[in-house]
Amino acid sequence: MTLVFALAAATIFGFGAYLVLTNDLVRVVAGMVLISQSAVLVVIASGLTRGAAPILPTGDERPSDALVQAMALTAIVIGLAVTALLLAIVARVRATLHSLEVRELARDEAEHTAEIEQSQEPQLEELDRDEAEDEQ
Amino acid sequence: MTILTEAVARLLLAPSLMVAAAILIKGYVDVGDGFAAAVVVSLAIALQYLAFGARRAEQELPVLRFAPQTAIVGLLVALSSGFFAVISGGAPFTHEPSVGARVVRIGRLELMTAVSFDFGIFLLIAGALVALIHHLAEPPELEPDLEEDAEAAR
Amino acid sequence: MTALVLALVLPWAVGALLLLADGRRRRWGWTAVAAVAANLAALVVLAVKVLPDGHETVVTGGWEGGIGIVVRADALGVTFALLSSFVVLAALVHEVLDGVRSRTFPALVVLLCTGLTGLFLTGDVFNFYVFFELAMISAYVLTAYGDDRHQLGAALIFAVVNLVGSFLFLIAVAAMYHVTGTLSMEQVAERMAGVEPNAAILIAVTFFVAFGTKLGLFPFHFWLPAVYAGTRPAVAAILSGALANIGAYGLLRFGAGLLPEELELGSTVLIVIGSASVIYGALLAVSRRDPAEMLAYSSIGQAGYVLVALGLGGPVGLAAAVLYAILNALSKALLFLSGALRGALVAGAFAVGALSLAGMPPAAGFLGKLALFHTGVEEGSVALIVLLFCGGALAFVYAFQLYQHEFWRGSRVKAGTGLEEAAAASAKELAAGRELPIAGGAAGSDVAAEPAASPVAVRAVSVVLALIVLALGLWPEPLLSLSSDAAAVLHGGAR
Amino acid sequence: MPQQTSPPARVATRDPLAWAVALVALGAFAGCIALWRTGGGTIDVSWARELDLRLHFSFDGIGALYGLLATGIGAAVFAYATAYVPLHLDHQARPARDRWRFWPWMALFMLSMVGLATAQDLILLFVLFDVTAVCSYFLIAFDRQERASRLAALMALLVTGGGAVAMLIGAVILYADHGTFSIPELASLLRTQDEAGGIATGTTVAIGLIAAAALIKSAQVPLHFWLPRAMAAPTPVSAYLHSAAMVAAGVLVIGRVFQLVEVAPVVQDGMLAIGLLSIAVGGALSLTRDGFKQVLAYSTISQYGYVVMLYGIGGRDGATAAAFYVVAHAIAKSALFLTAGTVTMAAGCRRLSTVGGLARELPVLAVASALAAATLSALPLTIGFFKDELFFRAAAEHSTLLGVVSVLAAGLTFAYTWRFWGGIFLGERRVGGAADDAAAAAKPLAPVPALLTAPIAVLAVLAVLGGIVVGPFAELASDAAGATLGHDVQLQLAYHLDARETWMAALAWLLGGLLLATPKAWGPAARALSRAGERFGPSHVYELSLSAVNRWSDRLHDVEVRDLRSRVAAVLLPGGILVALGFAATPTAGVFQIGSIDGTDLLVVALLALVAIAAGVVAFTHQHIAIVLALAVVGLGLATVYALLGAPDVALVAMLVETVVTLVFLAIVAYAPRGERPSRRELAGVASEPQRRHTHSRRWRDPLIGVVAGAAAFLVIWGALSRPTPAERVVDELVRLTPAAHGRDVVTVILADFRGLDTMVEVTVIGVAVFGVIALLRRGRTW
């Protein structure tokens, strides 16, 4: 089972990573959701002692690891929070840029940087040669 | 939406609130807690939004308007039940009644700090999710609200 | 214990309440300031109790450590908490005085401060993760603060890249729990020693990637310039002066504290990556015209120093890492805040920051350089000394090129103005330069069209920061003993 | 330059700020004299215990010498500046408040020089060294509206600041080897070690680094170029910089650490060579310059070359001569600089070629500066005579060759000094033009305030006084030499007409006169040298490297990735590589375990497979609705897995959360169907053609990175999961304690009690996220 869980979590993680690299912002968020699912699965797997639900443990049977369940719950909730937030950012991006493409965003940023660089003179002011010869 | 969905939505509201209450109360004994209960409630309300549309849903349930405030009140309730013990010198999240002490019960509901903590979480999550649903029901707003800006500047 | 709890609960409750308020109103802004100030005050009280080598521990629920969550204030945690809270306070006061532009800003800053305090003071691995997420999620929203669409892009980049880091961190925490069976840092540290090396090193690498991303080390840094340059100065100050501390602290706590053997094993890699960051960040910073972007690249370089010091290790190296992190946070906050302002004394404040960045006395930055050279010499590594020298020389170049560019050439576009405005301003400047003859001015001299000065109170914040940086340079003992006490926590000097 | 000495300028002369600083200087001067006469004093307190830093000041001979220079010359220069600065600002039409950029720095400059002169600790020395550099940075850039000033300031800061770092490194190396930063302690330690059989190479390197820092500060060839450039500063600054502060700080440091240098003969020989080189290069270039201040700047390089050479010679003779030389040079050089400033103010010219014959109109100035020139060129009856006498003696004692060289050097000094003086005051009267220019001959001089002449006269009188009553100066120099050498030195000075040194001096004068008389003979050669220096010299290297760094920076910046995808890739790919490194770094045999699968697990395996497939569907679908649905399958599938694994709480919440996530996703996706409105860029009518080319290469890159990330994650997860869980697990305790916490569902009890803090933070995160969403979508309006 160790291998199975590792494989499953890694596969989900890999697909998520691939999605984050795509051009479509909705798919990027989907990728983040997958990565978070993968992390939760790892959390659950890290306490992989199958057993009864840890409710009213009698002591006869070893219950499943309750601590990782608590951690997984927390992680799931946090995953929900970041997903909602990411989606909101994406919605704002779409509303402002009228596009859901990462490329569009990058281009916008590149233009912004270029404008900044152009609007200001270069930092290093090179001396004119003749001026340097014997100034004043 | 059809009349059928509206009817179903209306019919489902009360039972889902009951389910949520059950999940909340028996949390310490069985599966479920304040968080799950809150999600159930907010899903029931989301159903109202889907069935009636945002405006009508909010007209029929004017109490929804207080969702953000509810969320913050919930947070403060949870925070204070977590930290009130500090006032008397105890550790945070100290549990009252303490280990081994007798627990007062009302029916199956045991009165203890963990329950009020859970209730705070319920309020917080329910309020927050309802607020989220409310805002998602309309597309994002981009224009700056000028009159409010002017007001804030004062 | 009261101080410890208050430091956490006060900003927590106030921040939550502020979420409902319209933060653009002055009174809410000042409420937020009061909350962060209270947090800082509580931390100071805590620091007085804890330093030099004590610690204060609270276990939630009054259970035994490990059962409940251990909240533990030791010298290292308190140092970073103090530092971050101070920077947050400065940035918040700056923004409140300058006029808050969004409703949620004060609330988010206060909650961010809560998250930071929590994560620096927790003694529990998973609790670290949740507080970390609290700080991060506030930061994600803060990055979008302001109405510029570039800030939105910055927020997206920031959130996505750092979330990848966060989830890696979570995976590492889960793995760590699996191999040690506990979440309390103290117990984890004991049990990690017995863990089979392959698993341990893979966990360590995952932590490193997570924190390296947070800290913005080369080659994980690519998100950083866009984010720092895209946000408003106060937010950039918080990100670089407070939030980036998570990376440094995480590397120290998880690396040197929990995984010392793995750290030792990977020291070469750390030094190589650190050196690459130093040179890469400094080199890229040299010709940046946008001050925020330059400061962003400079942060990458400075993070490299922290990593190099960590890689060298030992009491001296660890203390140098802490010291460097503190100095960098302070000077970055100062530079981001003052770089956006205009008027008398601001240039002076910025110059102090530039001096500190370049490691020139009397600003405090030279202490970091001294400590690093000390580490390098003790290590006997000529290459390292040459690297530090080159990094320092580049820092000289970029810090002062920027300073002169910003403050000696007359008007400049204030950060945060729209592009159209910026273009108009620079066009006007050009026109003024060409057409208006200045009496007595020699040919070729630039025309200084004095820009409007920023409000006095806002400038005062930067000046106070600058004075603190100067004072720490002139009287370095508190800073030095703070960082060596903090480092002592890690190498067992005062456990 | 406008010809005006307007009344406002004269009013500004009574500027209380300026006079306060000047009076402080005067008071400090008196204080220094008092301290010197009473034998000084010592402060030694701990500064930073942690780094073993001490605030160790001692007013010894060196402290007295340089302290008196800094305050005495300071008082004269400051007095001069009270008149100069208002005029300067007035000429440039700058507001009077700009003087705040002058006086505080001057005061700090003086203070830090006194501190530097008395510092006994290497780190303290470094700190004050840098403080003087910072002061000079701001003072050189006083005319910051001028590009030349800004560049000069940056250059001075970079070169001297960089040099100071060398000193810091040296200090740290010495500390690492010998455990102290204190110079006296180091001196005795090293001497003992030297006698015991020589010092370590590291120590020599450290001493060399410290000496290098000092030489750079003293503007010695080849790192001299910042000094002539620094002439962009206002004249009083230049005067102070050259005679008593910045440049003097370099030789001061050499004097201070001389006992360390003595044990490293290589360093000392190097200093001798560099000193000689500086004398020659500085002197030759000085002869080719036209600007007043340029002539004087190169002369300073040459003059400090003498001092460095004397320290290179070393011993009693060298140390005394060096100390005396610094005093005499400071008096003469400050007077000459101030003269240049006054002439510029009066005539509005800054070049020898545009001015001449002013002796008649400015008689006091002419006489005073003639005395200063005489001092510099070592004529009798001035204090300068003795400086050369000591110089010749030390050189000739060292070797005949050096004696000959020293005569040549003195000849050079004589020539450039009088070329400067003669160029201004002798010859045909002209102002603002070449000879034969009628307009220039008639152009009147602007009136000059008395304060622009008086300090020069005072300095000249001092120089002559020193030539007659040399006793106090000799005492000062011998005290300084004593502090330098670490043992007492006696210096007797008097005129002996028959001495060898006198003849050498006479020979030098003759040589100088010859040089002056035959400018045509050496002119072309000297100018060629100067041109070569500009084309290939160190200053050019500096500019080249600075612009190369800037260019490289730009180039690298252009190739920096700037889209989200590459930024994420930049985390995943190196992360994967690091994981692979970590994997390879430790033995792996038998570490990884497959684990057992029993019957009931088959359902879990099948479900996980389904989840993985659904994840694949998410990855390769482009329809947003399909993505959302496939994500829901992943989530619900995992929830079922959790239920099967005995985690009903997780399963419940995962299911509920999955529903919420799906709803939120659908809501956001539903806002505006794709492609309904043209993008911003399309609105602007810009084609996005160039970007498309990259898409093809991405087709393989992105999946590859996904695979790398997945593989790395796999290694980490599998590696960790393969470890058996420890026998002692905290969760068992939790289960045991659950009844004590009045609960039955362990998970809920953990969430609400044992780890309630986690839950509290977690729900706060949800709250922040929701309010963040509101902030983004509704600008924060809560409802």
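Chains: A, B, C and D, in written order; residue numbering restarts at 1 for each.
The rule is short, and it goes like this: contacts are C-beta pairs under 8 Å (C-beta built on N, C-alpha and C of every residue); 3 or more make two chains touch, one makes a residue touch a chain.
Predicted model only: the values in this text are computed from it and were never measured.
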Of all the chains, which has the CA centre nearest the overall CA centre? C
Weigh B-C against C-D on C-beta contact pairs and write down the one with more. C-D
Just the number, please: Cα centre separation of subunit B and subunit C in whole Å. 36
Where the centres are mean C-alpha positions, what is the separation of subunit C from subunit D, in Å? 24
Dist(centroid_CA(subunit B), centroid_CA(subunit D)) in Å evaluates to 59
Chain-centre distance (mean CA atoms) for subunit A and subunit D, in whole Å, is 40
Shared-interface residues of subunit C (touching two or more other chains) are 12, 16, 19-20, 22, 60-61, 68, 71, 126, 130, 133, 137, 140-141, 144, 156, 160, 164, 171, 174-175, 178, 183, 226, 286-288, 401, 409, 444
Give the residues of subunit A that touch two or more other chains, as numbers and ranges in rising order. 17, 20, 28, 38, 42, 45-47, 53, 55, 67-68, 71, 73-74, 77-78, 81-82, 84-85, 88-92, 95-97, 105, 108-109, 113, 122-124, 131
Touching at least 2 other chains, the residues of subunit D are 147, 150, 546, 550, 562, 564, 568, 572, 648-649, 653, 657, 660, 664, 668, 671-672, 713, 717, 720-722, 725, 729-731, 734, 741, 744-745, 751, 753, 755-759, 762-774, 776-777, 779, 781-782
The answer for subunit B against subunit D in the complex is residues 27-33, 35-36, 39-40, 42-43, 46, 65, 67-68, 71-72, 75, 78-79, 82, 92-93, 95, 97, 99-100, 103, 110, 112, 114, 117-118, 121, 124-125, 128-129, 131-137, 139-141, 144-145, 148
Residues of subunit A touching subunit C in the complex: 17, 20, 25, 28, 32, 35-36, 38-39, 42-43, 45-47, 67-68, 71, 74-75, 78, 81-82, 85-86, 89-90, 92-93, 96-97, 105, 108-109, 112-113, 115-117, 119-124, 131
Any idea which subunit B residues touch subunit C in the complex? 68-69, 72, 75-76, 79, 83, 86, 89-95, 144, 148-149, 152-153
Enumerate the contact residues on subunit D facing subunit B in the complex. 648-649, 652-653, 656-657, 659-660, 663-664, 667-668, 671-672, 740-745, 748-749, 751-753, 756-757, 759-760, 763-764, 766-767, 770-771, 773-774, 776-779, 781-783
Hey, which residues of subunit C end up touching subunit A in the complex? 126, 130, 133, 137, 140-141, 144, 149-150, 152-153, 155-156, 159-160, 163-164, 166-167, 170-171, 174-175, 177-178, 183, 226, 229-230, 286-290, 293, 401-402, 405, 409, 412-413, 419, 422-423, 426, 444
